[in-house]
Amino acid sequence: MSNIERYADLAERIIDLSADFRLRDPEDYIKWYGNEHTNIEWLEKFVYGLPELNRDAILGSRYVSGVGCNATATNLAVWPLFNAGLVEPGSSVICEVKVGSSEGGNKSSDATHHPERARVMRSFAPTGHRHTSEILQAIHVSGSDSRVYLSATAVDNVRGVLATAHLFVKDGVEERDLYRAYRGAYRNEPFVRIVKERTGVYRYPEPKILAGSNYADVGFEKEQGSNRVVAISAIDNLMKGAAGTAVQCMNLMHGWDETTGLTFPGLHPV
Amino acid sequence: MSNIERYADLAERIIDLSADFRLRDPEDYIKWYGNEHTNIEWLEKFVYGLPELNRDAILGSRYVSGVGCNATATNLAVWPLFNAGLVEPGSSVICEVKVGSSEGGNKSSDATHHPERARVMRSFAPTGHRHTSEILQAIHVSGSDSRVYLSATAVDNVRGVLATAHLFVKDGVEERDLYRAYRGAYRNEPFVRIVKERTGVYRYPEPKILAGSNYADVGFEKEQGSNRVVAISAIDNLMKGAAGTAVQCMNLMHGWDETTGLTFPGLHPV
Amino acid sequence: MSNIERYADLAERIIDLSADFRLRDPEDYIKWYGNEHTNIEWLEKFVYGLPELNRDAILGSRYVSGVGCNATATNLAVWPLFNAGLVEPGSSVICEVKVGSSEGGNKSSDATHHPERARVMRSFAPTGHRHTSEILQAIHVSGSDSRVYLSATAVDNVRGVLATAHLFVKDGVEERDLYRAYRGAYRNEPFVRIVKERTGVYRYPEPKILAGSNYADVGFEKEQGSNRVVAISAIDNLMKGAAGTAVQCMNLMHGWDETTGLTFPGLHPV
Amino acid sequence: MSNIERYADLAERIIDLSADFRLRDPEDYIKWYGNEHTNIEWLEKFVYGLPELNRDAILGSRYVSGVGCNATATNLAVWPLFNAGLVEPGSSVICEVKVGSSEGGNKSSDATHHPERARVMRSFAPTGHRHTSEILQAIHVSGSDSRVYLSATAVDNVRGVLATAHLFVKDGVEERDLYRAYRGAYRNEPFVRIVKERTGVYRYPEPKILAGSNYADVGFEKEQGSNRVVAISAIDNLMKGAAGTAVQCMNLMHGWDETTGLTFPGLHPV
């Protein structure tokens, strides 16, 4: 009897925070995790647990996967543009995520020893980051055939993810089209805010103002004279990146107010 | 009489650390700096002051421009691949630079006030970064028609730039070809090291080990199953990014040992 | 008409966060602030706003002063020992407070510019810190004639105060007497916790676990073979150090639950 | 055959960076380290390796001990005042040292894991710090009977020690007497500077400007209206606190220029 079967015997509902049930296609486990999945029949029972993409399915499901923090930051940044059909077919998405040390878990190592980990700008996954598969899965739902290239860099923070995604939109797409896409996607979302200011210190999404919060801030900038769009998203990886989103899913699965326990706006300044 | 004319009257040689003489094409000043250049006739007298790209010209010149720190980090990462003809024609370069607070200069502001500047991951130039022009100028020398897209993110460091550049190589290009390109470009360079390790904490270039040093560390990773290459470069912006490179140029212009005054290997740990 | 008279005309109750009404003795303003007080008749109308020392007076007062953050950290650490009569008469208290950058307010300056303010251990008030007067006032209530010597050092945090106070207890005072003094003082306090562990990472009070919280953690250590006691207190200066304590006072003045709006336990890790 | 005997067979001169030969009195090892010393006969062969206190002895010795970093910072701050006979007999010295993470060595642990070690103000040795014995040994040479109380607090730095020592001088001692004592002690010292400014950001000694340097900066402030003096010292613990001082001793023992290999003035800003 596998672990998941034992857990399912014990609990009516499961939100699994591991990476074991995030992907639908068994082949993806071989490709990204290097192993055959040992409970393939359970993959279709699980729903990917990101409410902004998958709320209806989560509402009706007993089994919900957790989400990868870097995938979540990226998905929230780029998904509305795919959903609105604005992305140039065949173009690539290149995303660089900057992450704090709490992403690495609570076990100490040579790499997390303070004298070695403090003040870094450290490429730890230039290619091959496993969360890429969760981004591909999300955008392929919209029919896109785009490739996704993810790189991750550790910086001297404890909490926080900033995703900076570069994508190319179709000719003629203008800033107002992008606004419309983001507003359409997030107008009714309790935890996503569009951040884009012309002046001031905080003009784009920043994890700094989200410490402890389940909010995800999303912004963008279209380059003058080209079709490049930089889509930016900030989260606290310990909240919206994993545990907070799981609580949000739990609220949905039980029919409770989706924001229960999650209204903390973030501690500032930290 | 313009400033540059007065300076030229006073000094036999000039290394100009401003951005005034970095670009050869007057049109670029209008495009990237928003103003017509007021001393167009001086543009051709100046040589772009990055020895790794331009040593011979610097050796023979009386007027050398400084270099942009973010441009330098990017140029050192990507230029060897263009020079070796490995980049897919027509493909784009997307580069994200992570930078410390010393890049912003020594004048305090609301944005540099410690409670607001500490612990940030802050997009300050998602598009339109002026150093883009210095990268374009460098790679176009090799005949490339690639576009360059630069974004910059401020993180909680004082010193340091990490450039993470994504580019696409031609079909069939393998890791050994990349090694050959970098080794060919930097074999005799006194201040460039190729950093690429399979294990350990410091597997790719990191500014953390370059504090105070004129060294630039360059590394790369080719993605399995695609033509993406992530080219990575780390410098101390206050050394190799500006002042250190200027000293290196001064040494060259005077026929001194190029490394005079610049051999500090970096302070570690910081 | 003075400002305080105008405010008193407008508001039934006042909690004044400035330093204008913290001290009872007009001479203290000349001594510590260098000016004669211009509203001496108001000094006796105000009550010092630290509930742990002054709850009854606050409950019955319309005018409550705010508290100095460094004074509060120190007072919470040392006051119980004076109150219990354990301190050697005539001995001195020496207290060193370590503080984050948010203590300095929200105005930028050369000293708060990130490249200059980051990573500091900076003595900014080795002697003459004005909050000394608030500590003297507090311990003199207990009849003590001790002198208080305060020094302040800025470190690379945004939030937080750690007070490390050194005092000398009477011969024969043992650890259990100290425990009894602290427990007696804080047994019923909603926001003060005694922290003293033999093992683990967090053995003494630390601001790190109090970010955003109104809790004050207090601990102590008696030196083997001497009468020195090190009394340690940690607060978030933006909460228990000023604004949080003011809200606590407001709750008391209105007869509300004292903890209203203040139950956040702190964000961890930050 | 003990380790030290084997080493002595192998080397003509020994500088021992451990704590094994810093103290002259065997009783001190029992008191501060909890063990009887196993090579008591070697204690008198070793000279305490702080040139500023002990240069002549070091010059003539084959066996020199290393120094404790916190002891060194404190000794350099307080020793001149004892040496000049300015300290009130019978008064105590209370010293609080603030230290970075590199003091803890290069082995990772739960306490040095970045998410737990970052942004701390952590009391790790409120009492009983072993380096106290090295300070006592130093000031007792001057005939003082003062007690020394040391506390240590970890802050979010990698390098650096700031010692803030509080001591009480005799009646009538004025600022110029203090100046005279420090100048007398350090006038000819190659690595000690007196730092005391009325204005500016850097008014007292700070480790921030000493990163990588063997310099020790020493300053002081006498409190108006009392006999308290705050003596302040800043060093880089990885240089003047241990390895740098050992190199300085090596230079002396070999009759080389004392500053050989040690002239780096410090990296700034870091």
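We call the chains A, B, C and D, going by the order they appear; numbering starts again at 1 in every chain.
Everything below uses one rule, namely that a contact is a pair of C-beta atoms (placed from the backbone, for glycine too) under 8 Å apart; a residue touches a chain by one contact, two chains touch by 3 or more.
Remember, predicted model here, so these are calculated numbers, not experimental data.
Annotation: the chain C:chain D pair of sequence copies touches via predominantly the same residues, more than half of the used numbers being shared.
Counting C-beta pairs in contact across A-B and across A-D gives the higher total for A-B. Look at where the CA atoms of chain A average out and do the same for chain D: the two points lie 50 Å apart. Between chain A and chain B, the centres computed from C-alpha atoms are 32 Å apart. Residues of chain A in contact with at least two other chains: 102, 110, 115, 118-119, 156, 158, 269-270. The residues of chain A lying in touch with chain D in their complex are 100-102, 106-110, 112-115, 117-119, 156, 158.
Chain C meets chain D in the complex at residues 94, 96, 98, 110-111, 115-116, 118-123, 126-128, 147, 149, 151, 153, 155-157, 160, 162, 164, 166, 201, 203-208, 219, 221-224, 226, 228, 230, 232, 234, 269-270. Chain A contributes residues 102, 158-159, 211-212, 264, 267, 269-270 to its touches with chain C in the complex.
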